[in-house]
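Labels run A, B, C and D following the written order; every chain starts at residue 1.
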Amino acid sequence: MLPPVNLRPSFNITRSSHVRLTVADLAESKNFYVNALGLVVSDEDERTCYLRGLAEACHHSLVLELDEEGAGRSKRIGFRVFFDEDLDIAYEWFRERGLPAEWVDLPYQGRTLHVSDPIGTPLELCATMETRPRLHINFEQYKGAHAQRLDHYQIFAPDTYELCAFYSELGFRNSEYLERGDKLLGAFMYRKGTCLDLAIIENTGPALHHFAYTVSESRDIFTACDWAGILGYGDGVERGPGRHGPGGMLFAYLRDPDGHRVEVFNSHYQTIDTEVEPVRWDAASLSTNARWGLPALEKWYFEASPFVGVPQIPPAEQPKPMSLERFLLEQPIP
Amino acid sequence: MLPPVNLRPSFNITRSSHVRLTVADLAESKNFYVNALGLVVSDEDERTCYLRGLAEACHHSLVLELDEEGAGRSKRIGFRVFFDEDLDIAYEWFRERGLPAEWVDLPYQGRTLHVSDPIGTPLELCATMETRPRLHINFEQYKGAHAQRLDHYQIFAPDTYELCAFYSELGFRNSEYLERGDKLLGAFMYRKGTCLDLAIIENTGPALHHFAYTVSESRDIFTACDWAGILGYGDGVERGPGRHGPGGMLFAYLRDPDGHRVEVFNSHYQTIDTEVEPVRWDAASLSTNARWGLPALEKWYFEASPFVGVPQIPPAEQPKPMSLERFLLEQPIP
Amino acid sequence: MLPPVNLRPSFNITRSSHVRLTVADLAESKNFYVNALGLVVSDEDERTCYLRGLAEACHHSLVLELDEEGAGRSKRIGFRVFFDEDLDIAYEWFRERGLPAEWVDLPYQGRTLHVSDPIGTPLELCATMETRPRLHINFEQYKGAHAQRLDHYQIFAPDTYELCAFYSELGFRNSEYLERGDKLLGAFMYRKGTCLDLAIIENTGPALHHFAYTVSESRDIFTACDWAGILGYGDGVERGPGRHGPGGMLFAYLRDPDGHRVEVFNSHYQTIDTEVEPVRWDAASLSTNARWGLPALEKWYFEASPFVGVPQIPPAEQPKPMSLERFLLEQPIP
Amino acid sequence: MLPPVNLRPSFNITRSSHVRLTVADLAESKNFYVNALGLVVSDEDERTCYLRGLAEACHHSLVLELDEEGAGRSKRIGFRVFFDEDLDIAYEWFRERGLPAEWVDLPYQGRTLHVSDPIGTPLELCATMETRPRLHINFEQYKGAHAQRLDHYQIFAPDTYELCAFYSELGFRNSEYLERGDKLLGAFMYRKGTCLDLAIIENTGPALHHFAYTVSESRDIFTACDWAGILGYGDGVERGPGRHGPGGMLFAYLRDPDGHRVEVFNSHYQTIDTEVEPVRWDAASLSTNARWGLPALEKWYFEASPFVGVPQIPPAEQPKPMSLERFLLEQPIP
């Protein structure tokens, strides 16, 4: 059911690395990410703020870019490659397939390559960044939920299988996946040795559904929500705290001042080994709330940050998830 | 706004003590409370199961009584008095006011008095119980959310102010309270030195909205939900995990196999002192979600376990809470 | 074995309330308590700093008093009484027994009575304080281990039984106690409905062995230690983190900049009821580490803050605890 | 100071995988690992017990082998390679260097290669194992500290630099390291994307100082200790709970029924990237307790499980750590 995986990909993407978002008010967005999530500012200027999690030694995992007219969109999702030479190989690889690939110069990171996947998701590849001290035990710098590191992205794609096949060729493997019958709807893919670097969900895309930071303990999930409330974004605690079906981790989804969705969650299991089969979930038999509690809102299922300048394609069949709204309508009247 | 408190009440109620519920299937209910909440069976027979929290030395805080025809109701809520003599004074006190009061013999507890408050809430008073070892550090007996002890009840009353006045005469004080303008809607009352023994909410009553057990840490809130899911009651995680407005503790509300609602929450602050003013909440300015997240379901606001044989009285004005259903209806369409 | 308890004491002490310590450097001590423990400054001037825990509504639970020459001593331990009238009764009660009792005026608290117990422990009684907002859910003000409230004191007394008898007459009861045979060595006494307000240990006294603040969760025990390290007091993490024998709670003991010992621990069980027997521990059969890990240092057993101006009396028999030093000496050589 | 790393090693070791220990009483050892650590039995027979952590999908990470005469020793430490072909390359690689390499057949794992490093540490390499379901969210199977997965080993070597150079050639990198001046004393090396797979400490070796399992949250560190106490191994809580200098994680070290040392600790930071420099610690300026609390016992520094049949070599200079014993001797007498 899953596309074949190339375990010896042409070049070595090692992990999800950083995301670039447009925001309407840099101070307000920084306030949200620094005080609610607990990210640390590595550098900033009048139009850009570079943030990292407390356990991150690389310069940035979140880049906020001021865009007064076009806020609320995503510019790129970044991946790391292992060697600098991987970039050159990647350049050729994308060019050969007729996909966009161009070199760019960007502050605080090494040689950088901009490429796009077949549905137009704008990717940014680099092999190095400037480094900064890890602050994971600098408790005097802890704020909010003191998120530790960026973990993964979830994107919408009009055809999950096709995009999953593309990333499988690049060595991404599925830890878990979601099907209706034999139709692949969700692919939970990783390169680093945990569950996820990139989740692909079938819906109008490409679009960035969310990006996710790890927190240390389950209490920190609550702390993120508490801080969202303190900062006036309590209504933006869109889903959770709850426990995932696939993966099984605890989560909460927050909407930031521009409506970008960020997840905080506790840790993943380790993957790495080739003989362990991906876990299959069946959309038909999946209860609306995989573990317990209420389903997610309609907007959690459908809203996502568009990528700047990238046209979106609807899926062949519009998803009809058992959203909270639908669940309440279908409840028997007592 | 709050009724006067008698700080030298005629007799000394010290704390909420135990609740008696009717259930349709004793084994199933026991399974829920032992494995999801983590309560310990102190004794049981074919028609009754006596449970206590892990940190409780007294015989029972929850009594499940098999009632094939009348399951899903509450029989009584229990309070402890300090001295055995307090029972005799209480007997006279209720009789003098024309309220029901009669002596009963019940297993595992000392001399016991059955009384009713002015709206008919059936109360059970005793000064002693048989004791059992506390098991709070007997980790080998921990199950589920390993709830530590019964903390409080919340009941519906047709007139919060009047019932609050009655309990105030018995020495109950408010830690916090909820008003719309100067109309008292919610009274959060205590006798022991924490926030709550008895919460009174204006709605058709008397009825038992929920009873609450403490858990040790925020993680245990999730554990209770996880276990509800494991046991097949994941849909019964009716509200939360979330953080309360009044009180500020973390909570989750679970429905048991008969629909009784039990709350698990983490710890309260200490009260005791007389000079500290109760905290006032204004229903008009209270956001639907006091801290963050979505409002509670309509049924969380309206469903409650009736007391066996006690007629219910509606409030003068029907509550119109901003329930989740209403909240979703009133959302602007994007 | 335990002295009789007067359950109807002449006046009503409700709880331990506050402690007054002398310090050599007010800024340094404040730094320790604000940043490591997370206490909040209610008020301060050049010679005094008033602090409270985050969940405390009363003005102060810790008073630091600058005393360049006499730092490292305790001035008084404070208790609250329920009614203002209790103070008048207490005045007479101490006078009748030939014990010191005098009225004093002190900032931020109501009418205040200074008395001493029979071994000279200087006590401070009051019925009211100025109030301040509780900050238990003001996470934006959380620092360090964000200690919630003062819980109890532990003092040394030359004869535990005699002093335990004195406090038993005042209505203090034992939750647990420590004996060698039938010789009472440790009395763990409470007035409020938890395990402890005053622990009495047989050793040269009176002296203040430690005072204790509650923290919310077990993680906060580590946080207190981490912050002690950050502030340069890592060597002052004198004992723990560990789990108590009596009580069973988690703990860590820190020495503050003047050598005062403060404990952080997680929550106690509820007491209140009269029929529950105190738990007896036998010093002879108690393993050196009641639960696990290494015994405490010799200085943990013997060092304590003396009370200003109060002569100390040695016990009839010098304690010989199985300290860490003795334990290591007595280990078999491999 | 650190030896050069071969980032393109001849074959691909991906992670530490499993450890084989000899035990005197299989039932007792199983009891310890199942009930205190919370490991799950994958399979067992009369002489062998195969265990895994709750989040592990591969058959075993701990193999206990009954050896009535030779208990308390380690047989092998296991590593995983990515491809089956890596085993063939490894075979040649070790043979070419005159190091032992032979094929063996072992239950529950794929083709297996036994090799030794230059100091004789017996290694076991395989590319696959039988798989079992991950149980990380099967809370109904949680016991004890519910350890999630094996993370790393620490071994003694007579010359840290030399052995570090050997493993560096195999692609192991240092996350952190310990030097006295420019003498390398401790190498904290990893292959998977976290801090550690193999720590090498200079002392008489080869010997297995400890192996380490991850737990989910800081509370679980206490739970492991509590369960050691419950099972009668409270005296074997040899060090901690505490916080590491290098790495910065929380830890506790337990001795099992045969004296094998197992660490439980919470999570590591992510490594992976090549541009991040290893963190250097200086043994001379390192305080005895890197963060806070007391130093470790002499035996923690010197005792380790020997490898079956492997002669040990002392280091050129005997370590003189600031052990607890030495620390107490050198304390000023008050």
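As a convention for this text, contacts are C-beta pairs under 8 Å (C-beta built on N, C-alpha and C of every residue); 3 or more make two chains touch, one makes a residue touch a chain.
Remember, predicted model here, so these are calculated numbers, not experimental data.
Enquirer: How many hops, at fewest, get you from subunit A to subunit D via touching chains?
Expert: 1
Enquirer: Hey, which pair has more contacts between C-betas, A-B or B-D?
Expert: A-B
Enquirer: Can you give the whole-Å distance between the Cα centres of subunit B and subunit D?
Expert: About 49 Å separates the centre of subunit B from that of subunit D.
Enquirer: In whole angstrom, how far does the Cα centroid of subunit A sit from the Cα centroid of subunit B?
Expert: The separation of the two C-alpha centroids amounts to 42 Å.
Enquirer: Give me the residue numbers in subunit B that touch at least two other chains, ranges are fine.
Expert: Residues 137, 217-219, 226, 243, 291 of subunit B each touch two or more of the other chains.
Enquirer: Using the touch definition from the top, list the residues of subunit C that touch subunit D in their complex.
Expert: Contacts found on subunit C: 217-219, 222, 225-226, 228-229, 233-235, 237, 241-243, 250, 287, 289, 291-294, 297, 299, 324-325, 328, 334.
Enquirer: Subunit A touches which residues of subunit C in the complex?
Expert: Within the complex, subunit C contacts subunit A at residues 35, 137, 139-140, 217, 219, 223, 226-227, 230.
Enquirer: Which residues of subunit C touch subunit B in the complex?
Expert: 7, 14-15, 55-58, 80, 82-83, 110, 127-129, 131, 134, 136-137, 148-149, 192-193, 216-218, 243, 248, 266-267, 269-270, 272-277, 291
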